[in-house]
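A, B and C label the chains in the order they appear, each numbered from 1.
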């Protein structure tokens, strides 16, 4: 599935900007859109004229023009950048990115693995390829860094690593991101570090629109652990709506009758939708089936905002190590009576 | 109103599992659905093969099969269980329950009353009896433990009791649960206890999807105190939508004319909807009127996610003591001019 | 644009009630609606009979009747008042207000500027003038104190002032309110003050329904700083939906053809919607264009829940000082190649 988005340097989310507290940064922005734009440096403390609200803090950057932003970084944390011009449209089309400011003095304890996940939601009418920015509530694609499971990258860590995941959200909905197998602490927002005395333990970090959240934990439990949005429709792809509710309806007679006319007809949904993960239902062009992805035990029946944290004790690189090899006797087992 | 749900041991939410930190638990799951399922132990620290994501951590449990989950509890708090297979459907149909792990060392100060409320939202088309799991945003029934007010159980406590309410949410929306008459502290999540230094005082606890929240307070104010979701549509039942907006419209002429044809016709909504609580408007089969419930002073005009905390100084049991007897001169009074 | 709302003393939000901890307050409520009502004092600790849930704690206040509420204030903070009768309708029509209780002992450090913002969402069908309370998710107007930008009041402060902003929400959605140029602390809820050890730093305060949030910061950065809801549709007005998605569609041929029939016809949206801010598209009666407001550098392209924090070092009053005069060389600049 290919979608026509807008972004920065040819990608959405745009490239992650990394700098160090105290740095003076100069960023050149060339507008290659057909309409004007600006960039707002969300959460960054800077002079008012660099804040990027078109009309309020600066002139709009017209198509073809290049503007310079320059400021000194006076903080550290997980910030963002995005337009503040025609923003309902431009953010819905994919214009956004991380702006990571590292502390001057290294953090203690040291972070071994540091991940960034941008949360996004889109409405792409099946059969079309351009997101519709007029949609306010009824989205049909939900992505981590513009990808759906199993296209999302796994998070590979070594047993014992201290892990930080930075999550950012510029969509219309809060996304409660749930990690299996762990309790973690919420350690920061786009407003800065939360003091240890105020950090909440969670298994799910709720990320409201217009915020970032940093979470931290020590990867002390080996295995393949699901990491996903806990709004159940957000771990599905398109094609889950606009189908009649057939649960509990005996369709066997109907199926036979319709097959006289349409030999491929298939009654669905009588006992649930898990069949969707294995069937090859014909789809409109350029959309995605509701559920995708295979694991070591068969279809995972997920899509959308879903990936896997892979914790291993025997790896020498952070390349994808494949599926976890469960130790014998540690997997839920079937009772044979 | 009767709805065909899916659950555990014949109920939704399923039975509350209670165990103690350090216990080794063995749980047998027999699948009596017509499609496969699994159980994920949400927030419980356990071996990867017991985590219950079908396809990823274990094979699916096929219809008729029995699987064993076995693990040792290494924490305490308010956890949950739910399927991780066809989950958009199975959770929307009611498959979920509390998993309470009590601490090995009793908590100080002691909790006198401990309540569990599962938050749920459903779309049941009026006239039908099966929830529609394809609905993503436009639900029409909102329940505490699968019941709407006045079918919800009151929370009965003795004056001076230390009360904990554990609230869980696996629906698509955050639910801000508001308690009248009290300030409380948010003391825990499914990730564990929040240190006292980080606990927020609230009168409303916002519960995002995929989380639990524990709140605590000492019941030092006697009376009947409303406890409800503060999204105003969530304390109503079905039949509130798809009616034209008549506020401020003088319908008297229209009413007379239509009554020539339909003698039962009744113009509604001209001055608001409070009339809905007392009228007996004919409804489609198997749905609920918008507002239900009577209190000591007349109709309460609520439904959905609403119940009453009853704090009494003179009770010898925790059975429902009826309505609070207000002391003379303590009730808002009418001025007679 | 004029909307027929319901309120208190002729306004929505109603007048802000201010009192001091320890005060005994007596409030007379005369019902001038055509249906009954009550008032609930949200977050205020008081006797059960003064809590205002119609039917549960008191009789309904019938049209024309006057009721007395009387209680002693035993706390301080940011509370609210609103009906607890036909509440889905009455709150959607605008019945709500702040109830501020000041501490008996003045706070340290002293607050120099103290602002109140009530968050609201409405559905007013274009061409009509009465909010539709049956709408649950698809609102089209989003307001600060019942006004949209640029009708919203700016927040004027002196450089170095300690500022508190109290935000209240009785709508159906959480609103993440983002302040540019600053990190602030969340210092209180309608449940009371958050201890310093538990305060989170933020640039965006997420305000769930049925809650208030106090934020504080020292105004140490001069300039005009945007303050707005970060749900992107909430900084737009009506007329953004129900238009086809034309992004990337070449409409030039179509435009010419239609202009043969309709000379005023204008193809829109091909490159985005920023054109909406400058054009004078004919609108239905009594609605608002999607984007409104001009700044010192041209159209700001915002509406809805948007205003400006104006921080100045040279003011002798808190009247609107006009736009910030940027110092030379401090504004993002265009590169001329």
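Here are some notes:
To be clear about the criterion, contacts are C-beta pairs under 8 Å (C-beta built on N, C-alpha and C of every residue); 3 or more make two chains touch, one makes a residue touch a chain.
Everything numeric in this text was worked out from a predicted model, so none of it was measured.
At the interface between chain A and chain C, two copies of one sequence, fewer than half of the residue numbers in use are shared by both copies. Here the C-alpha atoms of chain B line up with those of chain C after a rotation of 120°, rounded in steps of 5. Once the centre of each chain is set as its mean CA position, chain A and chain C turn out to be 29 Å apart. The residues of chain B that reach two or more other chains are 137, 174, 197-198, listed in rising order.
Of all residues in chain A, only 137-138, 174, 176, 178, 180-184, 197-204, 206, 221-226, 230-233, 235-236, 240-243, 245, 247-248, 270-275, 277, 293-301, 308, 324, 326-327, 330-335, 337 touch chain B in the complex they form. Remark: chain C residues 4, 28, 33-36, 38, 40, 42-43, 45-61, 65-69, 75, 84-93, 125, 128, 130-134, 136-137, 170, 172, 174, 189-195, 197-198, 208-211 touch chain B in the complex.
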